[in-house]
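In what follows, structures are represented as structure tokens.
One chain, subunit A, links the two complexes that follow: it is found with subunit B in the first and with subunit C in the second.
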Partner chain A sequence: MKSFRVKIIAVIMGMMVLLEGCWDMKDINKAYLPVVMGIGKGSKEKYKIILEIPDAAGKIQFLEKEAKSISKAIDLIRTDSEKSINLVHLRLMLFDRKVVDDGIRDIIDYAVRANDISIKGMIAIVDADFDKTLYHVISPTPEISTYDFFSKEAGWTPNQSLVTIWEAYRSQNSYSEDMAVPLLQNGERTIYAFKGTAVMREDRMVGKLNREETFLYNLFKGNYSGGTIEIAENTSVLIKQSKIKHHRHWSDKGPSLATDITLDVVIAESPSGKSNVQIEKEVRDQLNRNFEMTLKKIKGYRSDVLGIGVMYRPQLTEEQIKNWKSKWFPKLEQKINVRVNVINEILIKDEAHLDQTFIR
Partner chain B sequence: MNKFPTIILFFLLHLASIFAIFPERMMVSASKGHWMPVAIIFLVELLVVRLYLKALSKFPGKTILDLCSDAAGKWGARLIVLPLLVFLFLEVVLLTYYLSVEIRTVLLPKTPTYATSAIFVALCFYGAWKGLSVMIRASMGWFILFMPFILFSMLISIGNFNVRYIFPVWDSQFSFLWRPDFYVGTVIFAGFLFLGMTPSHLRIRFGTAAALVGVIFLFALTAVYVPLLIFGQETAIHFQYPMLMASDTVDLEWVVFDWLPSFYVVSSSGLGLIKVAVLLSMLMTMLKQLYLPKAKNRWILAVVCLFLYAACQWIPNAKALDKFLYINSCLCLYSTIGFPIIVYLSTKWRRKEVRA
Partner chain C sequence: MQHFDPEIVQSLESGLQERFHQRSDFLCKHVVIAGEKFKAYYFRTLVNLPKTLSILNQIGIDRKNDLKWNSIHSMEVDAPVSLNELYNHLLRGKLILLGQEGFVAVIEPEHAELSRPVMSPNSENPLQSAFDAFTEDLDTNIGLIRKKMISDQLVIETRSVGSQSIKKIALVYLKGTTLPEVIESVEKKLEENAHHELTTVRDLTQILGHPKFTLIPTYISSELPEETVQNLLNGKVVILMDQFSFAFAFPAIVSDLWSTTLDVQYPLLFQQFLRTIRGASLLLSVTLPGLYVVLNSVNPELLRIQLAITVAKSREGVPYPSLIEALLVLLLLELIVEATIRLPKNIGPTITMIGGILLGQAIVQAKLVSNLLIIILVASAISNFALTSYMNAVGVRLYKYVVLVVSSIFGIWGLEAALVWVILYFASLTTCTVPYLSWSVKGKTADE
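And then the complex of A and B:
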């Protein structure tokens, strides 16, 4: 009898432990799980929040509210919606350009603070009509998700910049780097079209890089996989590998950085008769020229999007790191030297060495 | 008998601190060269453990309580042990509170803290009831169960490291010595006190302990540097749970790994559980042996657990937790540095007396 009683007590205790996780639980069928949150400027209030909720049928539902704060707007959405709203699967936050002009610090802080939003989500800025982009729907196929646009395992290419919530949070608190945020607009047949990269200083947008410049930005950061460089008509190369070496110097005048980028490329397309050596030279000259222009542009924005301050950390004292953005970065002398090496991993030989016996 | 379980328990108790409170405090205490405060803490620990084990090895059959009462008499021993008791109790309360808040924040946002902490305390009660020797044996199971989680949640975020955030590495002014948070980090010492209460056949030698402290030092360094290398010092100090945030930065497409912080919370609370249980059983033994020789073990334990539970409910917020951690760090310094030294000196003094 006694052992029976002990067993009963053990079962009850076990249930208590396990059922605790179900406290005030809401069934997953009774919850909306938004994947995209749009944060725009409201017509009456400060924020307009749009939530994009995919459903099992492949359709997308939109919910929208305005309020003075983000969480209040979500609360209002919750009030009117039939189901509860759970943000754990939120993967993309889109900011209206007008909101960004007021600074995004508070919004990023909110995203990090909220314990239901995962900090590995992405952020992007909508640089077009905000409502049109957010409400843009392409004929639905269930397996397409907006998040795949940025996923390195899916649709990302080195032409796109990429920033997660935690990287944004790090950048806005950091003494030694700034962030670059992708600019989007609605696509014609795709969900989004990539427009360029917003260069931020602290939490404000100060400038813009176009797609080619974004590619160089990614190349500098070491994100090159699958990048294609076009030189002239019918000529383009594919980057297989890149090695980046930074030579840092620090003199009385300030920092100077010389970067050697060695690219291993294969020729993807070339008009017949053009030699590899010629292509190497053309790629090198073009990249060097473009890099120089891009660096000049970035320096003009006075924003350390390339994260050069972080590279100098080993040499700096704490005091100098604190003054990096205001004092040292404007004094930075930067140079990039690209070297190109054509490796042959394709099925056609270098044609320049062959005798030209055929009809031409 | 095999001493391996004792070694494992020693290791796990230290890891419990490494997975709660310790890394965050180390990060706040220094603005650069974070390995320095960590190294100093472990050097001090090495020294104290040496004295402690030396004192114990001279009297193999006796626990620290016996040593104290032999040297200072009954009332003297009570006086010496009193701050240690308060420290153990506060430490247990704070750890329980910290962990139930962590569980609530990450895993069960809708479950009230009184429910999670009730189960936490109940499990610890069970562990402590079974006694220290059982806990030592149980630590083997704990080790096998939690080690994969621990290693996984520590190292999963390695892909997001930026090694340059290590710098600057040298703090020439030792500025952390003047920050109270540095002393809060000494809670990690509480992991070795149990050595003085174990039956003598389970005791470990100093050489083993020193090697262990070395291994634990590596774990502590990893715990401090993982968030630092990901976020940088400027950002990491903003986080309540830096290690947890670090594991949240990892993006894996596989659904099982969609919510990686849960791995961290599971290992952190598992380790916390065993630490609280061990400290409770120490508390119980001390109360029984020195203050309440007539009371029954399980009643002492039940009352202590009730107080523990009530105290956890009473702490209003994280700010209060902070305040108590600062108060506790003074007691901690006494109990983990002062107390072993007293024990050591008392044994020395007693030996002289015997010789004369």
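And then the complex of A and C:
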């Protein structure tokens, strides 16, 4: 009985080793770890795939192939390269503008379906010469600046939009939300330059937001850390904290949304003699004005990039959710009310006679 | 002192001589005490005869130079009943006096100097505590504990175990603090297996009915009476073995992996800090080698890209897969550890130098292994020895290989599964009626 048990255990252990599927694991130094994948239109085939592989010395290796599908192209790259290709560290997928015009649904689906691509990776659209942007190398190259460009710990600012693969997948399959994808081009002294934000409806690009509009988009979404608002006459304030409160209403005419945004700001630069109250008022007016224009523009694209539909979802019937983008979103009445609060209020001797400096 | 028929005495004598005639240190001498002639039977190696005789002469003579039987009585052990008992008394170092008129007396003599004095510990380095350590002599050890702990609740039961060779052991516990069922289970096992031979610590655990294969020791051994006293206060049963300079506290529980009883000598915050460090070192020493293999071959996506590139660089040119590489260096590490433990103290550092510096440096330069692996394995080895006792460290050292193999097969999932498995294993252990995963073995009952 005991020997039988030992045999069974031996067999199970043997199977475990042979059948668990890890016998073909490759060590980390036997595989290339690309960080950026460029997906462009091939000259002969449907796709042209460019992989950027950083190494410890700070150089970037480029591998390129054309094929009818992305995985086939990667397979071709793998065939020619001396190491295996492991996509687990892929952090950025760059789409050629021409590819985007055909729709990116299939590519996003592929990225989500592929087991080795992390869905936390970013996507961006190249709104310039695709090859030039991809092969653009600044010297001396920090090994992974392509990744740091979008990293909130490194080079990201609220002027840039940001979308991950999973967010893109969610948005393109959602009834109540659309995505905004950053537009890039090669920089002159930097590796990329941010050109604006592509407003997508489903998987097609329908419009573009510039840098200032992108900032407002981020502010509305709650990504504000370190954002600077510039008002005319060398005055600028830095956002320290923002609170956003949405008030939803649904009447017979359709949805209406009033959003209160309260900003705690510190004054970064201001000409002498300008009071805090004045600055607060200027910031408030400017933001309210810009928000109104941006909202109008977004509504004109008929794309719900701000994700307003999601806020209404709990109140809607399934039928209404399905019709959100076509029927209800165009009817949306949206109002944004910005309140500004300067938190670095200092009483300076010269201004002491101005009552309004510190009375609020 | 007993009177026997001269015939019986004769048969006793011949019996003794027959039994011990091949033992060259067994002697029969004619001695004179206070003018009376006696035959003394004893082991030369155990009894200091001249000293014993002089004491006997000193106390055994009254003014008239006659033998004072009462005084000798005070040195007697107890009356022998049978030949077998006489044998045992002799083997335990007693002196047997046979008088002319059929007197038989078993005398507690002066012993030959065979025990070392109480010294400072050799295998432990206490920082802030008493520095005396147990010796080989059971009575000395019991005395040390008695001296350290003045309490009428301290129970000391002395027993003999074994049939061929007899070993004296002492069962020590604190009444009211130790759980009654623990005492009961230990006593029951000792009773049941009283004829079991007891020469090693493993024999002792077998007598107590502990499982044969355990990953962690089911006892805490200590050389320090101070620590033993703390163990007693913590509700453990302590067993002292004669001719063994360690005290064994039963049962061991999980917190003994990271806490030593000497921690209580430090301020509370320091104690918590030290225990946290040891807990972390336990985790590190078990997981680090496995983690290396996981990150290197199975789940490289867990590394940050910056690190992944550096790791890949450090492995460039290494010919073996990471599992083989890790096993190779681990083997070398174990060899160094094993080699240094038994070496004389003045050669040890040399080996450390050769093994650690020369070999470690050379093996990396020869590109046989990556330098990251050396860092990881050395970190694992160091954290292994940060654990409380060498015995615990060996178990952890062993389990590291299980983690390594499983994680090389199943990746990060395997690593987690191996950790879960060891917890399940701990949960399955019960020694002396106490589950291994309990926080304390202290009895809740009040002191009556």
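FYI, the second predicted complex is superposed on the first by the 318 of 360 C-alpha atoms of A that agree within 3 Å, B and C clash if a C-alpha of one lies under 4 Å from a C-alpha of the other, contacts with A are read in each partner's own complex, and residues count from 1 in each chain.
The criterion applied here is as follows: a contact is a pair of C-beta atoms (placed from the backbone, for glycine too) under 8 Å apart; a residue touches a chain by one contact, two chains touch by 3 or more.
Only a predicted model underlies this, so the values are computations on that prediction, with no experimental measurement involved.
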Partner chain in contact with A:Met16 - subunit B first, subunit C second, else both or neither: both
Which superposed partner A:Pro54 touches (first subunit B, second subunit C, both, neither): second
First (subunit B), second (subunit C), both or neither touched by A:Leu33: second
More subunit A residues in contact - subunit B or subunit C: B
Touching partner for A:Ser174 - first (subunit B), second (subunit C), both, neither: first
Subunit B versus subunit C as contact partner of A:Val88, first or second or both or neither: both
Residues of subunit A that lie at the interface with subunit B and also at the interface with subunit C: 16-17, 20, 25, 88, 116, 118
Complex interface listing, subunit B residues touching subunit A: 31-32, 105-112, 115-116, 119, 122, 162, 164-165, 167-168, 230-232, 234-235, 238, 245, 248-251, 253, 259
Contact set on subunit A toward subunit C in their complex: 16-17, 20, 22, 25-29, 31, 33, 35, 54-56, 86, 88-89, 91, 116, 118, 143-144, 147
Residues on subunit A engaged by subunit B in the complex (per definition of touch): 13, 16-17, 20-21, 23-25, 88, 115-116, 118-120, 151, 153, 164, 166, 169-170, 173-176, 310-311, 313-314, 316-318, 321
Residue numbers on subunit C that touch subunit A, as the complex places them: 295-298, 300-301, 303, 305-306, 308-313, 315-316, 318, 321-322, 408-411
